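Several structures are given next for inspection.
Okay, so chain A shows up in both of these, paired with chain B first and chain C after.
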Partner chain A sequence: MNILDVVDLKKHYPIHAGLLRREIGRVRAVDGVSFHIAKGETLALVGESGCGKTTVSRCILRALAPTSGSMHFSLAEGQSVDLAALPKRALRPLRRHMQMIFQDPYSSLNPRMMVGDIIAEPLKVNGVPAAERNARVLELLELVQMPASARSRFPHAFSGGQRQRIGIARALALNPRLIVADEPVSALDVSVQAQIINLLLDLQDRLGLSMLFVAHDLSVVRHVSDRVAVMYVGRIVEIAPTDALYRSPRHPYTETLLAAVPAPDPTLRGRRMKATGEVADPSRPPPGCAFHPRCPYAVERCRVERPELTEIAPGRFTSCHRAGEIELAGVTG
Partner chain B sequence: MRLTLMADQIALAVRDLAVHFEMEQGVVRALEGVSFDLRAGRTLGIVGESGCGKSVTARSILRILDRPGRVVGGSIVLDPGSSGSTDVLALDSNAERMRAIRGGRIGLIFQEPMTALSVHYTVGNQIIEAVRQHSDLSKQAARDRAIELLREVGIPRPELRVDAYPFQLSGGLRQRVGIAMALAGDPDILIADEPTTALDVTTQAQVLDLLRRLQAEKGIALMLITHDMGVIAEMCDDVAVMYLGRIVEYAPVETLFAAPRHPYTRALLRAVPTILAKPRQRLATIGGAVPHPGARPVGCPFHPRCSEVIEGRCTAAVPPPIPPGQAGASCFLEVPG
Partner chain C sequence: MTAADPLASAGQDRWAEATQLRLTWWRFRRHRLAVISLVIIALFYLIAAFADFLSINDPHATDARRSFIPPQAIHFFDENGFNPHVYGLRGVRDRQTFQLVYTPDPNRKLPVQLFTRGYTYNLLGLIETDIHLIGVTGAQRGEGIFLLGTDQLGRDLFSRMIVATRVSLFIGLAGVTLSLVLGVLLGGISGLYGGWVDTVIQRVIEVLRSIPTIPLWMGLAAALPNSWSTLQVYFAITIIISLIGWTDLARVVRGRFLALREEDFVVAAELAGASQGRIIFRHMLPSFMSHVIAAVSLALPAMIVSETALSFLGLGLRPPAVSWGILLQDAQNIQVLSGAPWLLSAAVPVILVILAFNFLGDGLRDAADPYG
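Up next, the complex of A and B:
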C-alpha cells in the first residue's frame, strides 16, 4: 500500500517585469515530478541546491500550493485524499498525519517552552487529555533515548544532537502516517550525526515509519533510505532501490553525483570523474535533457528532445535517451 | 618518495600555540599547545568537530583573531631556520609588515566567500585592490592581472566576469573568486577554512581539483581545515586530528586511515557515513557530545567519551603532546605506564 502517490507535481513561480507587471517567464522549481512512498518505506529525495527537492517536500506539506499535479495521501486502507486539491481549511485535520523533522535543531524548538511541553504540544492541539499526554511524553523521550528528566528543562540545556532527538520525539508524538525530514542531520557534527542516523534506523524498524528524507549528502542517504529519487533542475532523473542506484546508476547525472563524493579512503584518491559546468538555471532550462550541457554521453537527440522518466527494469526508472546503450560506473564497497 | 617530500622546506612552523578567550564566565582555553609545520608543496589537513579549535588556529596564524580571543603563548614562525625568519606573533597585528604577510605570504580562503567579498564592488575592483596592495602594478596592469587570476581559477569568460558583482555569480563561481582573491598577493602559504562546505558536491569536486592544481603549479604550502574525512582522504598529505584545542593525532594520510592510533580518530573514522555503506548499515557512535570548551574535562579532554579510558591515568593527567614533525597520538595508550 502506498502512503503517498505524487503524480506530475509542478510548482512554477512567475517572473513579472515591466510597468504592467506582465509575466515574462517562469521559474520551474518543480516541473512534473511523480513518485510514491510505500508504507514503511523511506524514500530519499536527493540533488544539488536549487534542484527543487525542498520545494517538493513543502508542496507535500502544503506549506506551498502546487501549480498543478496530484498528491494522493492514504488515510486508511482504500481511503485517500488529494492533498493538492484540498482547500487550506480541509487540510487541518490531516496535519496530524504528516509531521516534519527540521534541519536546524536550534531554531526549530521554542526556547521558552520546556521540553515536555514542546513534545506535548501536538498532542494538546489535537485534544489528547493531560494525563495521557504525560504518559506519552515519557514514552517518546524513552523512544529517542533521552532521560525522563529532560521534560522539565529548556532546549538551551541540550546539545545539538539532543535537540534533534527532541524534535524527532515531537514529530512522532501523534503517530503520523508520513514523516518529512528535510536535511535532519546535515547541521550536526560527525559523532552526533552517527547517533541520529542510528536512531532513525531504529525508529524505522520499531515503528515502521514511512518517510520522505530530503538530503544532499549521498553518504547519509545510502545508510538510511530504501529507495532514492535523484532530482535535477526540477525533475526526477532517476528512481531506484538504494543499493542498485549506488552500484549501477542508470542516469549520467547520478553517475556524476556519485563520482563527485570524496570517499573516506585515501587509496581511492584520484579515481573521480570530472564534473564539468554548473547546474542549469530553472528559469531557463536547456532544451531537450536539462543535463545535456554537462553530460559526457550527450548526443544530438539529447539536445532537442526531452527524455521522460521510464521504467527500464522492475522498480528502476530513468529519464535518459541513452539508458539502454551506455555503461555507467557506480560505487561499490 | 616520502623521504624526498619530508625534505620539503618548512614554510611555517607553529609551536605550542595557546589561545584563551577571556569571557565573563571564565577563561575558555580554545587552543592548548598546538604544534605543526606547513611545508612547501604539501597539504596538511586539520580535521575535527566544532569547538576543536581548527578555525582559531587559522585566525591566530593570520593575526585576525577576534576579541576576546588572545594568543597567550607559543610561536608562529615564517621561514624558520632562514636568515629572514619571522615570528608573526612578535609583530603588531596592524603593522605594515603584518599586512604584507597577510595576503602576500599567507592567503586565506573562507568557507563562505562572501565573508571576503564586498557586495558593493565588482569582483574585479576587489581583486585589483588586493593585487595593488601587494605590488606596484598600475591600475591597468592590475586589472589585467585580475583577469588572469580569474582565468587561472577557472572562471569562464573572465574579461566579462571581472565587471560582475558577487551576487551575480553562483556559489561555485563565488568561491573561485574567493580563491582568486586569496592568490592576488601571490602567497606561498594558503589556509583554506572549510573551503567547500557550503558548496554542492559536483562544485566541491571542481574546487578541490582547482586547489590541487594551483598547489602543484605554485608549490604552495596548503593548510586545509575541514570536518569532512572524505575531503581529507582526497586532498591531504598529512593530517592533524584536533579535539578540544589539542592535536590528538598526527600522521601521513594513508597511515591515519589504515592504522589510526588515537581512540578519538578510530571512533571518528567509524562514525563517518560512507557512500560505500551496506543497506541500512548502522554506524559506530561516540557516546555523548563534544563538551563546551569552557567545561573542559580534567585529564585527557577526550576521556569521558573514550572507550579505552584508563582510570587513574586518563582521568588525572593530560597525555603528552606529539613532538612536531612526528607521527603519533597524544594518548596514554602510547605511553608505557
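Up next, the complex of A and C:
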C-alpha cells in the first residue's frame, strides 16, 4: 500500500516585472514530479542545491501550495485524500499525520519554549490531555535517547545534534503516517551525522516509519533509504532501489553525484569524474535534456528532445536517451 | 550529554533552565551605562509620582516680592554644630540698574525641617495632605527655600521643575502607549496579511514620514481651539505627537512578522496544526516583544523632546500647565537670561532623561535577543 502518491507535481513561481506586474516568465522550481512512497518505506530525494527537492517536500506538507498536480495521501486502508486539492483550512486536521524534521536544528526550535513544551506542542494543539502529554514527552525523549531532565531546559542548552533529536521527537509525537526529513543531517558535524542517521535507522526499525528523506548528496542516503529519486532542475531524472542505483547508475547525473561521494580509497581518486558547469537556471532551462550542457555523454538528440522518465528495468526509471547504450560507473562495496 | 554530565555545575544548570527574561537580564546587566540609566529613569519617575510631596513651595504661587531670587544653598552646619538652615533674604536696590537684588542675610537663619506643612495636594491622587519633604519654619513673606532660584513672577523654580517632571514624563508615556497600540496593530496587520493591505499601510507610513514634523505639529497645534482646557490640550498634544511616532514601531513590528513567518519554528508550529492565534501569540509575539520594548525605550525620549520643543515654541502645553518646555519658554528671552541664568537649569533634566533613555534603549536592544 502506498502512503503517498505524487503525480505530475508542479510548483512554478511567476516572475513579475514593470508597473503592471505583468508575468514575464516562470521559475519552474518543480516541473512535473511523480513518485510514490510505500508504507514503511524510506524514499530519498537527492539533488544539488536549487534542484527543487526542498520545494517538493514543502509542497507535500502544504507549507507551499503546488501549482498543479496531485498528491494522494492515504489516511487508512483504502481511504485517501488529495493534498493538492484541499484548501488550507481543511488541511489542519490532516497535519497530524505528516510531520517534518527540519534541516537547521537551531532555527527550528522556538528558543523561548522549554524542550518539554516544544515536544508537547503537536500533542497540545491536537487536543491531547495534559497528563497524557507528559507521559508521551518522557517516552519520546527516551526514544531519541535524551535524558528526561531535558524537559525543563531551553534549547540554548543543547548542541546541534541534541537539538536535532528534540526536533525528531517533536516530529514523532503524533505517530505520523509520513515523516518528511528535509536534509536532517546536513547542518551537523560528520560525527554527529552518524549518530542521527543511526537514530533514524533505529526508529525505522522500531516504528516502521514511512519517510521522505531529502538530501543534497548521496553519501548519507545509502544507509537510510530503500529507494532513491534523483532530481535535477525541477524533475526526477532517475528512481531506483538504493543498492541498484549505487551499483549501476543509469543516468549520467547520478553518476556525477556518486562520484562526489567521498571514498575511503585513495587509488580511486584518478578515475573520478567531476561535475563541470553550474546547475541550469530553472527559469530558463536548456532545451532538450536539462543536463546536456554538463553531460559528457550528450549527443545531438539530447540537445533537442527532452527525455521522459521511462522504466528500463522493474522498479528502475531513468530519463536518459542513451540509458541503454552507455556504461556508467557506480560505487562498489 | 548535558544532563548526564557529572561535571555540569549548578551554574550551568541555572543557565540551561533560564527563561528569555532571565537571559535578557543577565546580558543587560553587563551594559553598565544602561543599568545606571535605568536607575536614573526610575528615580525620575519616582520624582514624578511624588512630585507634590517633594516640591517645597507651591509651584503656582506668585509673589512679586520674590521675583528673580538667585539659587540658595542649604547650610548644614553653623557654630552650634549640625543645624540645617537657609539664610533669610534682604532686598537691596542696585544703585546703577535700580533693580532689586536679593542678597543672603547671614544674620537671619531659617531652620530647614523635614515633613513640614505647606500647600495642600493629593498624594498619588488619592490622599489629601499638606505634608512636604522639606520646608522652613518661621519664614516671613517672600522667604523660603529656593534651591534653584525663582522666576519673574516669584515662583520657585525647583518646585516647578519637579512638578513639570510629571507632565513631561507622562506625556511621553501616554504618547508611546498610543503609538505602541497603533504601531503593533497596523504593523502586525501589515506584516501578517501582506498584499495590498501591506502596500496601503506602508505608503501611508511613507507619506506621514515625509512630512516635516515641526510644521505639521505647528499646524495641528494651531488648530486646537483656544477655549480648550489645559487637560484637553494635554491629550490633544499627546495624540498629535504619537501620530508620527507610531510609524517607527509599525515598521519594527512588520519587519519582525515578515522575518518570523519564514522562521522554521513557526513553520513547525503551523505543520503541527497550531491555530493562527496560537502561532501569533505563543510563537511570534514573544519572539519580538523584546525588540518592541527596545524600540519603545528609544521612542520615549523622542516624544519627550517633541513635547518640550512644542511647548518651548509656545505650540504645545500652555501655562498654567507646567512642563519642561514651558519652563524653558521663560528662558527664551536673552535679557531675562542675563539677569537670571538659573532659569536655564530646566534644560538639565531634559538632557539627563533623554541621554538616560537613549543608553537604556541601546542596552535593551543589545540584550533583546539573547539567542542571536
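What to note about this one:
The rule we apply is simple: the second predicted complex is superposed on the first by the 329 of 333 C-alpha atoms of A that agree within 3 Å, B and C clash if a C-alpha of one lies under 4 Å from a C-alpha of the other, contacts with A are read in each partner's own complex, and residues count from 1 in each chain.
Note that in this section a contact is a pair of C-beta atoms (placed from the backbone, for glycine too) under 8 Å apart; a residue touches a chain by one contact, two chains touch by 3 or more.
As the structure is a prediction and not an experimental result, all values here were calculated from the model.
In this overlay on chain A, chain B fits alongside chain C without clashing.
Between chain B and chain C, it is B that contacts the larger number of residues in chain A.
Using C-alpha centres, the superposed arrangement gives chain A a vertex angle toward chain B and chain C of 70 degrees, stated as a multiple of 10. By the document's definition of touching, neither partner reaches A:A90: not chain B, not chain C.
After overlaying the two complexes on the shared chain, residue contacts for A:A150 are found with chain C alone; chain B is out of touch. Of the two partner chains placed by the overlay, only chain C lies in contact with A:P122; chain B stays clear of it. When the two structures are aligned on the shared chain, A:M100 is found in touch with chain C, with no touch to chain B.
Once the two complexes are overlaid on the shared chain, A:L75 sits clear of chain B and of chain C alike. Of the two partner chains placed around the shared chain by superposition, chain B is the only one that A:I197 touches, whereas chain C remains out of contact.
When the shared chain is aligned, chain C comes close enough to touch A:S108, but chain B does not.
In the superposition on chain A, A:Q162 makes contact with both chain B and chain C. Aligning both complexes on chain A leaves chain B and chain C separated at their closest CA atoms by 6 Å.
Common to the chain B and chain C contact sets on chain A are residues 162. Interface residues of chain A, counted against chain C in their complex, comprise 61, 63, 92-93, 95-96, 98-100, 102, 104, 107-112, 114, 121-122, 125-126, 146-150, 152-154, 156-158, 162, 167, 170, 174. Residues of chain A touching chain B in their complex: 48-49, 159-162, 189-195, 197-198, 201, 204, 216-220, 222-224, 226, 242-243, 246, 256-269, 272, 274-276, 278-279, 331-333. Within the complex formed with chain A, the residues of chain B that make contact are 49-50, 170-173, 200-206, 208-209, 227-235, 253-254, 257, 267-269, 271-286, 289-290, 305.
Residues of chain C touching chain A in their complex: 1-4, 15-20, 23, 263-265, 267-275, 278, 283, 286-287, 370-371.
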